[in-house]
Structures are given as C-alpha cells and as structure tokens.
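Heads up, there are several structures right after this.
The following pair of complexes shares a single chain, chain A, combined with chain B in the former and chain C in the latter.
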Partner chain A sequence: MTGLYRRLSAAFGPEVPGLLGFLVLVLVVFGVFAPNFLTGANFGSIAFQLPELGLLTLAMLMPIISGGFNLAIIYTANMAGLTLAFVLKQYGGVDAGYWPFILGTVLAIGVGALSGAVMGAVIAYVGAHPILVSLAMMIFLRGLGEFLTRGGDISGFPAWMATLGHGTVLGIPVPLILFLVCAVLWHILLTHTRHGFSVRMIGSNIRAAGYSGLHTRRTLILIYTLSGIMCAIAGILMLSRFNSVRVGHGEALLLVTVLACFLGGVDPFGGFGRVLPVVIALIVLQVLSSGLNLLGANQHLSTAVWGLFLVGVMILRWGAGWISERRRRGR
Partner chain B sequence: MKRRTFGTLMASVAFAATLATGALAQDKPTMGVVVKIGGIPWFNAMEMGILEKGAELGVDATMIGPTSADPALQVRAIEDLIAKGVNVIGVVPNDEAALEPVLEKARAAGIKVVSHEGPGLKNVDWNFELASAKGFGETHAELLAQKMGGKGEYAVFVGSLTVPLHNAWADYAIAYLGEKYPDMKLIGERYGVAESVDDSRKTALDLMAANPGLTGFLAFGSQGPIGAGRAVEERRMVGQVHVLGPFSPGQGRDLVKAGAISGGFMWNPAEAGRVFVTMGKMLVDGAEITEGTDIPGLGVVSPDVENRDIITDNLIAINAETVDGLADLGL
Partner chain C sequence: MPADAVPPDALRFSGISKIFGGVKAVDDVSFTVGAGEVHCLAGENGCGKSTLIKIITGVYQPEPGAGMEIFGQAYAQISPTQARRAGIAVIWQDLALFAEMTVAENIAFETMLGNRPRAVSYARLHQVAAAALARLDVEIDLDARLGSLPIAQRQIVAIARALVSDARLIFMDEPTASLTQSETDALLAVVRTLSARGVAVVFVSHRLAEVLEISSRVTVLRDGKLVGVFPTDGLTQSRLTELMTGTVIAHDVMARDTGDNPEVLRIEGLTRAGEFEDISLSLRAGEVLGLTGLIGAGRTELCHTLFGMTRPDRGRIVLNGQDLQLRSNRDAVAAGIAYVSEDRLALGLIQPQSIADNTVLSVLRQITGAGGLLSSRKKDATVSHWISELAVKIGTPADAVSTLSGGNQQRVVLAKWLATRPKVLLLDCPTVGVDVGARAGIFRIVRALAEKGLAILLVSDEVPEVFLNADRVLHMAGGRIAHEWDPRQTGLPEMEAAVYA
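Here is the complex of A and B:
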C-alpha cells in the first residue's frame, strides 16, 4: 500500500493518491446510498456536465500557478460565445453551414485571446494586481455583453451543432473528448515547455525570475492570452450545450473553478500546481454534486458539502505536513 | 491515519445527507421539479405543495432549487434527473432557450416534461399558467392607476430581461396604461432587478433620487415589490409612492401593513406545486388533456394544443386585509 502510494506520488505528484482515495470513497458511499448511482446513465450525465466546468478551471489554473488570478473567465467565455453567435446569425442562423462556424470559432478564439492579452499587458506593464485587472475586465465584458445583447440571449443555431454539446463518439461524450484533449495540452504546456517553466518560476518569485533572465512580461501576457483562449473554447462549448448564449450563463461556476484548483493542490500563492490532480478534484466535485442530486438532497447542502470538503482537504494537508516535519526532526 | 480521518468525515457527511432526504421508494412514479432558485419563500411554498400533493397521490415528487438563478445550474440539475431515471420532470425556467437541448434529451429518454412560467418552451408535454399574461398585467396596471389617481410617473421592474413572462406582463401593463391613462408616464426602460431584494431596493432608491415626480413602482418578480417597498419606507415616502406587484405575503406582510407596498395580485405557488404533481400523475397515467378537462387547481381548462400551453386566470389579491390569511398559509 505504501509502495503504491509512493509510486503514485512520484509519478503524478503528492496530491494524486489522496484525491484518488477520496474519489473511490465518494463513489463507494454514493454507490451504497444513492439509487441509480452506479449506472451508465449517471456516469454519462457526469461526463456531460464535467467539461464546461473543467475547461473554465483550466483557464483559471494557469494564472493561479503564476501567482495571479482571472476573475473574467466566465464573461470572456460568453463574449467569445456571443462572437460565434453573431457570426452564425449573419450567415443564416439555423441554416448556417460549416464555414461560418469555422470563421466564428476563429473569431471567438481571437476575442478570448485579445481580452486575455489586454489583461496580461496591463498586469505586466502597469504592475497592477491581477485580481484588480481581471475584475475590471470582468465588469467591462459584462457591461459590454449586456449592452450588445440588451440583457437577452441569442439562440437558434444549426441543429448539427448539438453534436458538439450533446453527441457521443464511440460512446464517449464529445464535450469530454474536447476537455481531455485540452487538459492533456495544458499538462504538456505546463510541464514540458519553457513557457510552463517560466509560469511556475514567475509564480514562485517574479523578481527572482526576472533577474534570472526570464522575460517575465512576455510570459505574463502569454499566460493570460492562453487563459483567454481556453475561456473561448469553454464559451463555444457552452453555446452548443445550451443552444443559446447570454452574458450571464454559468456565472455561478466562477468560484467553483477556484475551488477545484485549490482542491487539486495548486498553491494559492503561485508557483506550484499540476493539471492531473485538478482534473481529479473536478471529478470528485462533480460526483459529489450529482450524487447528492440523486439522493434528492437540497442544492444548498451540496454547496455546503463542497465547502466542508475544501476545509477537510486543507486540514489534512496541514496534518500531513506536520507529521512529516516531526519525522524529519525526530531523525 | 490520513485516509481514515477523511473516510470518517465523508461517510458522516453522506450519511447525514441520506438521513435528511429519507429512503426512496422504488415502485411509485418519480418526479423532480427544477425551479429557478432554492431557499426563497416563493419556491419553499411551491416545494410544500409538491410534497403535499405527492404524498396524497402516491407520487415520489421532490423539488430541486439551484443555489443561484443561473440557467447553467438548471441544465445540470435536469441532467442529473435524467440519470436518476425519473418519470416526470417539472421545470420553472430561468431562461427558456438554454433548457431546450436538455429537455429534448429528457423527452428522448421517455421522460414527461411539465413546465410552469415557460410559455415559449418547445420540448414540453404541457406548460401551465395560473394567470394569463394579459389579465395579470392589466389587473396590476388598473390598480396602479387607481392608486396614483391616473397621473404621474412610474417605473417598471422585471425579474430579468430574459424572463419572457415578466416582460409580457410589463408589455401588457404599459400598453394598457398608455391607452387608458395618457397622463401616466413611464420612467426609463424596464429594470431587470426584481429577483433580488437588494438590487430592487438600490434601483428604487436611485430612481426616486433621480426622479422627484416618481409616484409608482410596478415590480414583476417575487423580490421586486419587497425591495422597492423597503426603499419607499427608508425614504419615508409611504403614501406618496405606491409599490405594486406580485410578492410573497409572508415576506411582505409588514411592508403591506405599513403601507409601503400598496398591494398586488398573485397566484399561489403552493397551488402551482400541487398542479405540477397532479399533471405529472395524469401524464404518467396516460390521461388526455383536452378542451373542458377539469384539472384540480386549474379548473376547467381550454388548452392551446399547438403550443402545448394551458393558461388559466386564478388570481388572488394581496392587500392589508388578505395578507395575514395568505401569510398564514405559509406563503
């Protein structure tokens, strides 16, 4: 058992075995108590619900590892969704073909990247705190979006777009495939590239990183641009899942993405964090939420359980750190 | 040590959840009703009606109230209900367009869908209303005109600019006043704040400060009259500024007695909850709903078969005389 624990820790980081254990526990508990929990339909439902939250969490993850924050993710996503919606509407709405979709997708990703790049540039060159900058961007985008749509929603897209949000390939939900591809890309980007290294160094100590010759400003701009691109992908997915876009769709998910990052062992002060534990934390959150729904529990109770879960994880981490510290001193 | 602590924590949480919800019976028809938001008096009353009628008719009916009025959360709750395999899904939509794909999925899975306050929804078996948009808007408009003496400036609140029903009431009310009382003037456009007490209060304070001639608020949305009433009370404008609109009597009792809210009309959310279950049971039993069918709670109906709408007028007045009786019903 300890051997397995060590091997898992060594391969994927110290957070993974604990979170996996947790996931198994949650599955067992709900498997016993909740009717229909261990069914294909339920896991299908979990697999369809996870990706939009997952993509948004990935967008939040990179700024947090760099010691920053991106409060604008939801509105960036919906602005990108609105961009795609505008393009589709221009080319006939329900009758739009594939080319408008591709054009719209490119433009949507461009909008996401642009909003991210602006935030990154302000953070890098003005030196304002990322929370303030992204808050400003969030308010700006919400206002702009409400203004452009007059608070309403845009709907009526080609029927084939439903495949993106609700279809399956070989039994695997399309959104899940999209999410897994993005997660793997993010993992490679963060662990195997110069950019990923720079992100972690900036998160640890931006000044030291700068003195060591890293181009911190360029890296910061790239971090937020990539985050914006990930938001745009999430926005396109939300559009196809809801068959409509409104600036406010998914507002409630903002803090959940932060929760998922911290549960996944990302250091709130930056510098440390991996994709895999965050993905497992997302699965645990989704399983908890769906399981409590199957039990017919109050939604507020499931939010409370999420909170308890985060507090529990923090206490455990503190306890684990304390024990290993004692051991080291004892020797 | 580590995992055992965690295990105990999680098991106790899950166990508490199970105890809280009770054991689920397997052979009764099951029904889940997803409402706009949980934990507010209006939907608490609806839950009471759902549980009461469920026990009476032998339907295992529960209500799910998301933690915020975000369509994305409703989509998630409905996906979980599909996974749970309920026989009937009921829904009070936040945003009709966003729910279409997931309701389509539910019906494809053989689940009956009943909606309330969602006349534009396409993927439903029936949508029912306890008030017609025209009757409701005009009844309020007439009372406002009487209170204001047929002249002066008034402002209109709606729950959100994307709630079609609130906006339809507002359309009819404004049209009615424009035609019958040309001396009454609408201030600004309508404000989408009436699902929140705080937003309604703030907007009402701002509007009163900016428009000294303002003597009436027409607030469509369960929290709107409460917020506007508080603002009127704070500014000591009771008797000079009249607040009208549908609200929960228990919540607004003191404000009505103080005169800060002049009155309004409503339908009974508990009755709506009961109708959800009654209609769900009828659909499961395969009963036809046609011209002249007598549905308990709705009366003798004449359904709009093409749009799947059943619209009735079951209005009750809320004023200083009736408010106590209504509040004692738990509303």
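Here is the complex of A and C:
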C-alpha cells in the first residue's frame, strides 16, 4: 500500500493518492446509501455536467498557479458564447449551417483571447493586482453583455448543435471528450513547455524570474490570453448545452472553480499546481453533488457539503504534514 | 563601574546541552557575560548559536544538569516570561516590529498592555518612547511610520523597545547584516552607549571586523561545542576564522598579471544620472576585477546597467569589440553577460522552487527537445552536470532550493548562470549570508572560472574580499571610480582607509 502511494505520488504529485482515496470513499458511501447511484445513467449525467465546470476551472487554474486570479472567467465565457450566438443569428438562426458556426467559433475564441490579452497586458505593464484587473474586466463584460442582450436570453440555434452539448461518440459524451482533450493539452502546456515552467516560476517570485532572464511580461499576457481562450471554449459548450446564451449563465460556478483548484492542491500563493489532481477534485465534487441529489437532498445542501469538504481536506493535509514532520524528527 | 560595587555577571550558564532527534545541537556549553559587557557569540551557521540563545531566553528547555544564573539569581527552569522579567531581550534579524505603526507606538506599546490603563494614552506613549531614545542618545521622529524608516533606524527602535521593558542584557542577531558602513558605525556607537550605561550586549555577527572592534570577549562555538572564550585584544580576523571553522584558511593575495589576455568587456564614459558618472573600465579574459566601495556608491546600479536592467544615459558598453545596446537583461544574457545578484533571497533564486528548476531557469531553450517540449532527459543531464561541477551539496534535485545552506544556494545561482556559458560574470556581493568557511569555497570556484578564461567583475563591500581575491581593484565612491589598485603593490590598510574615509 505504501509502495503504491509512493509510486502514485512520484508520478502524479503528492495530492493524487489522497484525492483518489476520497473519490473511492465517496463512491462507496453513496453506492451503499443512494439508490440508483452506481448506474450508467447516473455516471452519464455526471459526465455531461462535469465538463462546463471543468473547462472553467482550467481557465482559472493557470492564473492561480502564476500567483494571480481571473475573476472574469464566467463573463468572458458568456461573452464568447454571445459572439457565436450573434453570428449564428446573423446567418439564419435555426437554419444556420456549419460555416457560420465555424466563423462564430473563431470569433468567439478571438473575443475570449482579446479579453484575456487586455487583462494580461494591464497586469504585466501597469503592475496592478490580477484580482483588481480581472474584477474590472468582469464588471465591464457583464455590463456590456447586459447592454447588448438587454438582460435577456438569446436562443434559437440550429438543432444539430445539440450534438455538441448532448451527443456521444462511442458512448462517451462529446462535452467530456472536449474537456479531456483540453485537460491533456493544459497538462502538457503546464508541465512540458517553457511557458508552463515560466508560469510556475512567476507564481513563486516574479522578480527573481525576471532577473533570471524569463520574459515575465510576455508570459503574463499569454497566461491570461490562454485563460480567455479556455473560457471561450467553455462558453461555446454552455451555449450548445442550454441552447441559449445569457450573460449571467453559470455565475455560481465562479468560486466553485477556485474551490476545485484548491482541493486539487494548487498553492493559493502561486508557484505550484497540477492538472490531474484538479481533475480528480472536480470528479469528487460532481460525484458528491449527484449522490446527494439522488438521496433527495436540496441542491443548496450539496454546495454546503462542498464547502465542508474543502475544510476537511485542508485539515487532513495539515494532519498528514504534522505526522510526517513528527516522523522526520523522530528519526 | 565603581570598584566597590561589583555587580554580578549578567549571565552564568554552564553545562548547557540540547538534543534534537538524537543530535546534540548544543553540547555541554558554558556561556558567561559580565554586566555591561559587549560580548560576541561567534560560529558558523548551524553551530548552535541560535539554540543557545533560545535556551537562555526560555524558548527551549536545556537537558538536565544545566546551571543557569541570571544577574546573580539561579534558576532551575526558565520560561520566556521569566527571562523577560529578568531583563533579557532579543532583537532578531527581522526585528519583529509593526511597520504600520508609529515609532512611539512601536517603542512603548508594551506599557499599554494588560488590564490597566484601559485607554491608550498617547501622551504617555510619547513620553516613554522619548525617554528610551534619549538613553540611546538618538533622535528619531516619534510620529514617523516605522515602515518609512531605513532599516538602521528601525533597529534603533527595536533596541529602544527593549529598554522600555527594562532590559539589562540584549542579544542582537546579525544586526549589521543589511546596514551600510556609516549606519553600522552609528549602531556600534549605540551599543557602546548601552554598555556604558550598564546594559550588556551579546552580538551575533558574521562580520568579523566588527566583532573584533566592538566586543571585549568572544565566545566561539563549533558543531554545538564550545571552542573557547577569547579576549578580542590581539585576536586577528584570520585567527578568529580558524577558531570558527576549525581549519586554516589561506589568506594570500591571489592577484596575477592578466595584461596579455584579450580584452572582453570595455566600458567608456558610462553614466546614469543620480547613480554613476563617467565610468570607464576594461576587463580581460581570465581576469578577476574587484569593485569595492560603500553601499550606495553605485556599484549595484552599475551592474544593473551592464546586465541590461536599466538604460545608461551616456557611454558605451563594448563586448568583444562590439557595441552593445541592451534593451533588457535577456539581451545581456544572450550577449554572454551573467549577473549574480546581491539579494539571493529575493532576486537570486526562486526559493520555494526546486534546485533542478532553479538551475535550468536561465537555459530553458537548451533543455527544449522535440516538438518544442522540455526534455526531462536534457534537464536531468544539465542539472547533474552543474551540481557535480560546482560540488553543490544537496539531497535530491527535487528539493526546494530554500532547504540549502547559503553557500550551497550561492553555488546553485552560479550553476544557473554558468549554464548560459557567459563570457562576463558580474558577482554582486557573492558572499552575503554565506558562512566564513563556505566563502573560501565560493572564491575557489571564482578562481577556477577565471583560470578557464571567464572575465569576472567581483563586487564587494568587504575590502579584504577584493584585496585577497581580485587581480585588480577599483574603488567606487559617489558614483565615480576613485582609485585603481594592484593588491600586490597596495596594502589592505591603505585600501580600507581610502574606502572607509
């Protein structure tokens, strides 16, 4: 058992074995107590719900590792969704073909990237704190979006777009495939590229990183641009799942993405964090919420349980650190 | 002190031991400080100094069998409260002051603790604080926000605070580490004032010149054991170093003639307003050029310009015959200039990150493999090459660099820059926070690099360092080059006299 723990820790980071343990525990508890929990239908619904939150969490993850924050993820996502919606509306709405979709997607990603690039540039050159800059962007985008939509929904998209939000390929939900592809890309980007390396170094000490010759400003702009692009992907997915866009879609998810990052062992002070533990944390959150749902609990109660879960994990991590310190000293 | 009223010793500790996890951090040490004496506690990092101070101040309990006496009163056990009541105060390096509060509040806040008075009386705070500063013969604006003061004045505030709580014995941990020479002199004057008024001071410092100047006796620890207690009269820096490290360190002038080597770096009339004026110098391959001067003389500012961090107003930087227009430090690195910062903690290394990552930080392109992805094979090879090349003592490369000692950290900084294959190495105070014993190791590396043809600019505010280790010495004062010396012709006393004039 300890050998397995060590191998898992070495390969995926010290957070992974603990989180997997949590996942198994949650699965067993709900498997015993919740009817219909261990069924394909339940896991199918988890697999459809996870990707939205997952993509938004990836968008939050990279800024947090760099010691920053992106409060604008939800509105960036919906602004990108609106962009796509406008293009589709322009080219026939329900009757729109593939080309408007492709054009709209490109523009939507462009809007996400632009929103991120502007934030990144302000953070890099003005030196303002990312929380302030992204707060400003969040409020700007919300106001702009409400102005453009007059606070309402936009709906009426081609029926085939439902495939993106609700279809499956070889039995695997399309949104899940999209999320997994993005997660793998994010993992490679963060652990195997110069950009990812720079993100971690900047997160720990941006001045020392700059002294060592890293291009800190360019890296910051790229971080927020990539985050914005990830938001846009989430926005396009949200559009196709709800078959409508509203500026405030998914507002409640903003802080849940932060919760998922911290559950996944990302250092709140920056410099450390990996994709895989965050993905497992997301699965645990989603399983918790669907299990409680099956037990007949209210949706609000499951949010409360999420909060307790984070506190519990922090206490366990503190305990594990305390025990290993005792062992080290005892030796 | 009048002879008819000889006061008891401030401290009489004997047979002090402390075991942590089976390791004797302090092993049967005796420590005595006379009333009003300025005493120095010397030893390398990890020799047990901090542990001993923590035992005396009641933070740790010693192993049974210890004799503890403070101002003539014997104690079986000491708690931090008892130590404070007995008149012992410690001023740690971080000073533990409140940056957002005023000088008066920082000095006198303890008089406002407890149940009474219930309301804070600012008039009384001022009175108490002013009295404490007067005892030190110092004037500081009582209403200034502490954070706005230079570090030297904050230190005085910390001392004044200790006096308010009736301290008769003050420990000072590396008090001069971040002070300029004139600030250090001012602090030493305050210490003398304290001593003259009967307050004993225990000085912990790496700067041996200071230790010998201020204290009357020095207690030397090594590996947790007492080496001995020595009067400072007649003790030399090199003898004290030997006592601390247990080894004899060669103190010979290393200067050689490098006049035949090709010129690598030439600076002509380099000026940056308010920082340095009209600097011209030439640096040859294989040469170690010393640059000394007081803090604020413009040395670090010059390095920053040579490293592309700041733009000069006038003048030329010529590297291997080509004019350099540096727009950023990335340009400088690409041109072959490397800079070891004086501030290793904040700028030299990314402390929480691993030794491996810190080593390859400057050469990410070198370790990039197929498809633009980082190659862990190339990374491991680069890291292990430099770790062994510079004999860095580490656990594993994945450990945080903050777990290393100062000397080993500095080797990682050197590894990071040597990996870029520089032609010019700017070393800005490379031995700050490095043990006396480990300094020799750093300079051996510097010498070996010079032998291989690297051109090195060695900046230091310790004149003996450049005197011993450089081939040529430049003295910078007020932003200009004031003297050029050959250590084989000009003696150390003459250099020091000019620098500290």
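Here, the second predicted complex is superposed on the first by the 331 of 331 C-alpha atoms of A that agree within 3 Å, B and C clash if a C-alpha of one lies under 4 Å from a C-alpha of the other, contacts with A are read in each partner's own complex, and residues count from 1 in each chain.
Quick note on the criterion: a contact is a pair of C-beta atoms (placed from the backbone, for glycine too) under 8 Å apart; a residue touches a chain by one contact, two chains touch by 3 or more.
What you are looking at is a predicted structure, and each value in this text was computed from that prediction instead of being measured.
After overlaying the two complexes on the shared chain, residue contacts for A:21 are found with chain B alone; chain C is out of touch. By the document's definition of touching, of the two partners only chain C reaches A:197; chain B does not. In the overlay built on the shared chain, the residue A:327 is in contact with neither chain B nor chain C.
Of the two partner chains placed by the overlay, only chain C lies in contact with A:213; chain B stays clear of it. Of the two partner chains placed by the overlay, only chain B lies in contact with A:305; chain C stays clear of it. Contacts of A:44 after superposition on the shared chain: chain B is touched, whereas chain C is not. Once the two complexes are overlaid on the shared chain, A:152 sits against chain B while remaining clear of chain C. Put simply, more of the residues of chain A are touched by B, taking chain B and chain C as the two choices. Shared interface residues of chain A (contacting chain B in one complex, chain C in the other): none. Listed in rising order, the residues of chain C touching chain A in the complex are 20-21, 309, 329-330, 333, 339, 341, 346-353, 357, 361-362, 364-365, 368, 372-374, 416, 420. Of all residues in chain B, those touching chain A in their complex are 1-3, 5-7, 9-11, 13-15, 17-18, 20-21, 24, 26, 32, 38-39, 62, 64-68, 70-73, 75-77, 79-85, 95, 97-101, 105, 160-162, 192. For chain A in complex with chain C, the touching residues are 188, 192-194, 197-198, 200-201, 204-205, 207-215, 271-272, 329-331.
Note for the complex: chain A touches chain B at residues 18, 21-22, 25-26, 29-30, 33, 35-36, 39, 41-42, 44-46, 48-49, 52, 150-153, 155, 162, 165-166, 238, 241-244, 246, 248-253, 289-301, 303, 305, 308, 312, 316, 319-320, 323.
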